[in-house]
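As written, the chain order gives the labels A, B, C and D, with residue 1 at the start of each chain.
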Amino acid sequence: MSNSFGNLFTLTTFGESHGPAIGGVIDGCPAGITLDLEAIQHELDRRKPGQSKITTQRKEPDQVEFLSGIFEGKTTGTSIGFQIKNTNQKSKDYSHNVDVYRPSHADYTYDQKYGIRDHRGGGRSSARETANWIVGGAVAKAILRDIKITAFTSSVGDIFIDKPYQALNFSEIEKNMVRCADPNIAEQMIKHISEVKKNGDTVGGTITCVIQNVPAGLGEPIFNKLHAELGKAMLSINAVKGFEYGSGFCGAKMKGSDHNDLFNPDGSTKTNLSGGIQGGISNGMDIYFRVAFKPVATLIQKQNTIDASGNVVEMQGRGRHDPCVVPRAVPIVEALSAMVMADAYLLSRARS
Amino acid sequence: MSNSFGNLFTLTTFGESHGPAIGGVIDGCPAGITLDLEAIQHELDRRKPGQSKITTQRKEPDQVEFLSGIFEGKTTGTSIGFQIKNTNQKSKDYSHNVDVYRPSHADYTYDQKYGIRDHRGGGRSSARETANWIVGGAVAKAILRDIKITAFTSSVGDIFIDKPYQALNFSEIEKNMVRCADPNIAEQMIKHISEVKKNGDTVGGTITCVIQNVPAGLGEPIFNKLHAELGKAMLSINAVKGFEYGSGFCGAKMKGSDHNDLFNPDGSTKTNLSGGIQGGISNGMDIYFRVAFKPVATLIQKQNTIDASGNVVEMQGRGRHDPCVVPRAVPIVEALSAMVMADAYLLSRARS
Amino acid sequence: MSNSFGNLFTLTTFGESHGPAIGGVIDGCPAGITLDLEAIQHELDRRKPGQSKITTQRKEPDQVEFLSGIFEGKTTGTSIGFQIKNTNQKSKDYSHNVDVYRPSHADYTYDQKYGIRDHRGGGRSSARETANWIVGGAVAKAILRDIKITAFTSSVGDIFIDKPYQALNFSEIEKNMVRCADPNIAEQMIKHISEVKKNGDTVGGTITCVIQNVPAGLGEPIFNKLHAELGKAMLSINAVKGFEYGSGFCGAKMKGSDHNDLFNPDGSTKTNLSGGIQGGISNGMDIYFRVAFKPVATLIQKQNTIDASGNVVEMQGRGRHDPCVVPRAVPIVEALSAMVMADAYLLSRARS
Amino acid sequence: MSNSFGNLFTLTTFGESHGPAIGGVIDGCPAGITLDLEAIQHELDRRKPGQSKITTQRKEPDQVEFLSGIFEGKTTGTSIGFQIKNTNQKSKDYSHNVDVYRPSHADYTYDQKYGIRDHRGGGRSSARETANWIVGGAVAKAILRDIKITAFTSSVGDIFIDKPYQALNFSEIEKNMVRCADPNIAEQMIKHISEVKKNGDTVGGTITCVIQNVPAGLGEPIFNKLHAELGKAMLSINAVKGFEYGSGFCGAKMKGSDHNDLFNPDGSTKTNLSGGIQGGISNGMDIYFRVAFKPVATLIQKQNTIDASGNVVEMQGRGRHDPCVVPRAVPIVEALSAMVMADAYLLSRARS
């Protein structure tokens, strides 16, 4: 089931950017969880287009409607259906795309796989799908209570935060439009994105995510290791090209005598190059990881490409695309992390 | 099922390093596939301990016995049971570990999760488990036929191959004991590992894997994207801290105008920063990715650590551990890749 | 995932009878399948309430709206979202049920399991859910093409068809309101249900289903045997108490010398007590089975029962319930059978 | 995965009757469960061939060897591998079967599905597989503790127990070789089977199973209803043709006013036609169901059949087959029931 995520806490989704609605079904949520519908909508607002000058100027309210599974403000233990209506489906905008394969998009591969394709706005491969994930993640967060998940933009192009996350003030993140945890770096990032946008170009970046207050013992030891589930989740996000946790790729350059995390008598560790996970199972320290996003493929510049018959054609994106996907991807990283953690938490209860 | 891997082509495993045997069940292999048992054993020999001076000197033959599912040299379509007997279970060697949590091992997290632990040699968290994966991968390769999977050591500590994989001669890989595709770099790596070993230390490294002759259209579009499945597989390997495919973390620094892969009229692309996958689905170009391994945690040096009661104790690894896990992990990366690709291939047949 | 059905062809559902809508997500449908939306609506009309004098007089149009996965009349291979709006949610009708456990309903068990319950009309346990299954089954039928699935009422109370299905004319089924394949027996059944209804009582019955033109080789040999999947599907329908296929419970009284199906030279069998399946796999003969439905639990008579505090209270159902569930269950049996067969068919393509 | 059973508590199996061994992997068993290895072997002995004059005279010790997942007598939470060696593989006995399709066996359907078949003794379709299930069930029973599962032979041919199960003394079951809960009926059954055997014929029968001390709230409400999982499990057993629970097929003849189970003030019910389950969820009353077994297809009589080329050939079974499968199937029914209940129990912990 390629449209389902999770094992015990699951999200199954549907929808194209240009149909009447997107939506999904959340299954496996325990009964009796209080859902704060405003908080859920707030998460959607963090992802929605048009929220600042450095995101796409497309306007879409992204209003979620719950259709089942909630009674008098609490989950009933039955499946939670929801939908988000599409209100901004200017199909005509995409008529120029009918037969054209946009470079570094999924147009060509969908045609190769399915032999048929809804060419309007990327169809199912549109990042609009991630609005569904926000809803799933917001419900997952209500299960997790004490576990705190915080993501932020850690680099845009060559500009990066040069401090460990422990030195950052997470309350700064939502104060700037690029969602960087360092206000000075944030300004540089915003300036850089603005310039890139002016040139009709796009730029990549990275997001760092920190998961705190995780009890020891979550995760599975062999094939569904906690970091492997997190990695798979992150690699599900459009434009993601890499994932590392703890010491990550830097760890590959290190010696064991520098890398080992020595224990304190209470079981915590003096350092945390492990990233809060040993053998696939949480050890009670902070879990942290970093996700790499490539630059958005849609440029407001002319590019040569081909159509379905192999003819070379010239194309140019219209003006409603993100110059950098990273700021709007921050809540998506959090949402998928929350779903992974809720799944691991529920599974740990079955086994305990 | 945390001991199962895959969707249609599945491997379910069992075994601790110090029980009578490890093994597993391969399910979903189509009928009529010819299995070359010598080739399968050859793959196991590439992983086995004691194969060179830069690996652990522990000797273990790792002889696989098939118990079902094969008739007159061909798969019958029924489940394939197999076992690998443990012949080198010096349990006494591990008596000093009963209550001691080795730093950056899974001892502590297993105790936190399960409240009980087979302390002999890491129990289920031992890398010995990966011998099972080699068997699964070797059967998967027999299904894949034309699809060619090649992994090699691309860095050890600070020493790395400074060429793109296209400039390398893959036939060099098995000619040196570090499994590096460049013979000169290989010598430097071997020298470095030997020095590290002499100091009782360990070192990390990276493996690059290239998958060639992949038809376009394999993989799923939303949650089981082909690269997400590959990433999850790699993150299942002990000591792996990161995964990137195509442009990876470098891509996060790039502009869209540099990153887009422009099409040739035949649907191939002029560049391949995408890494052979668009929207989760193969596009017919080479798939390639890189995996980061941390340094082995067991040192032949004294370290302070704690026991289950929180007492500080001094410990030191015995002499039969790998100074660098990367050379023996090369066939493991290939095996897991083969299982992911076989799964995607079978699924594509169901959908076609 | 207790709200999902199937392995490769899956249906995930949501919805209570008194929320804004019910609906679901169909995943795994191959691309390029032409969907006849009128035919799908026709299946829903066969199930909908109020269609004849022997069903509930509640009126509900049960209009399906597809939200994704279909482009220009064909499936695109992506997930198919749909909803059916609830138009007849007289919540006030159910206010008398708030704390009352109706006998032989799921009220008590939901409260025991979840500790919270949407008491309006049965909530999630309402048979309204089966409208979702009709949609899934109708899409499955479009995949199956030549495989023909026919269900009919074979008994009501003590009245039963006393002929083998081969002696019946299936074109009679939809000509009478009880969906019996024998017009004379149908009249007796209708008369009986009418009398039962007049007394405020209800009555059980059985449905027989015949699946024709099944190629040999569908189904799995050990745990997902074709008849086990069919049986599980049937046992998912509200009010079902039993399932038998081929010779069924009668077969348990027979001798092997009478029961064995001897082969014709072409591989067909002279008799078909096996019911078209051997070892879990179809053999090319007709698959047939019988499903037992208990009488509807809601009576238009006074009954004593208890409330959540254990007080004895008197209750009486209101006038909009089915006196016999069987006629409206005929299309449900067909729909679930179609989903099982589509799943087996797709799986056989992966393995072939 | 057609060789896997269960969701959280899973059994994955392998093995043909004529390979070196059968076996499997149990996954999802919680840590710290004490396993009584003698009790497990005792369950295998109840199923093994050659235990009485009314079973096959084939001798096979069916000794289980555990290979992992158990440490000092307790489960460790990791996967439990086990094998049962085949000691009685007279392959030559089956040489006459190479190309012959035995009537009402799976020979023909395996050939149609896989195009290749291990013809020795039924290969994977042999009932020998059920020895693996006994092991899985015995481990499941260790999880269930208070839940008591009792199966017994309730009919053989036309001879049946004419009392409700509440009137029977379960301690009689293991005192007679047919495993009937009524000693007088047992004698008649044994006599009947002996006669049938003398004629080289076989006979069917039914098994009733009662599950006691089940807490309310186990099971899932929509697609994995507790009785649907039990039904699917029973329909997985070779030779099973039907399943009914509670009032079963008799319930289909009843009126609602007779069928409803009225509540006592404590939530128990005055009658139990529901069979302990409402809406797929246990209600705390006894769960009971009945399973129909067809007569064994292998006769010690001459029968005409065909070979793979469609030639008519005469065949006759050899002397080591069961005249009635039911007595040896009693522990199999219990084992599968235990696995279903353990799965439901673990799942309920995740959700609670």
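Details
We take it that a contact is a pair of C-beta atoms (placed from the backbone, for glycine too) under 8 Å apart; a residue touches a chain by one contact, two chains touch by 3 or more.
Bear in mind the structure is a predicted one, so any value in this text is a computation, not a measurement.
More inter-chain C-beta contacts link the pair A-B than the other of B-D and A-B. Among the other chains, the CA centroid farthest from that of subunit A is the one of D. Chain centres here are Cα means. That of subunit B falls 47 Å from that of subunit C. Chain centres here are Cα means. That of subunit A falls 27 Å from that of subunit B. Annotation: 39 Å between the Cα-based centres of subunit B and subunit D. Counting partner chains per residue, subunit C shows two or more touched chains at residues 2-4, 13, 28, 31, 77-79, 113, 124, 221-222, 351. Those residues of subunit A that touch subunit B in the shared complex are 1-5, 13, 101, 103-106, 108-110, 112-113, 124-125, 129, 155, 157-158, 196, 201-206, 216-225, 227-229, 231-233, 235-236, 238, 241-249, 251-267, 269, 273-275, 277-284, 292-299, 301, 303-306, 310-312, 348, 351.
Across the complex, subunit A meets subunit C through its residues 1-4, 10, 12-16, 19-25, 27-28, 31-32, 65, 67-69, 71, 74-81, 83, 113-118, 123-124. By the touch criterion stated above, subunit D contacts subunit A in their complex at residues 8, 28, 30-31, 77-79, 221-222, 346-347, 349-352.
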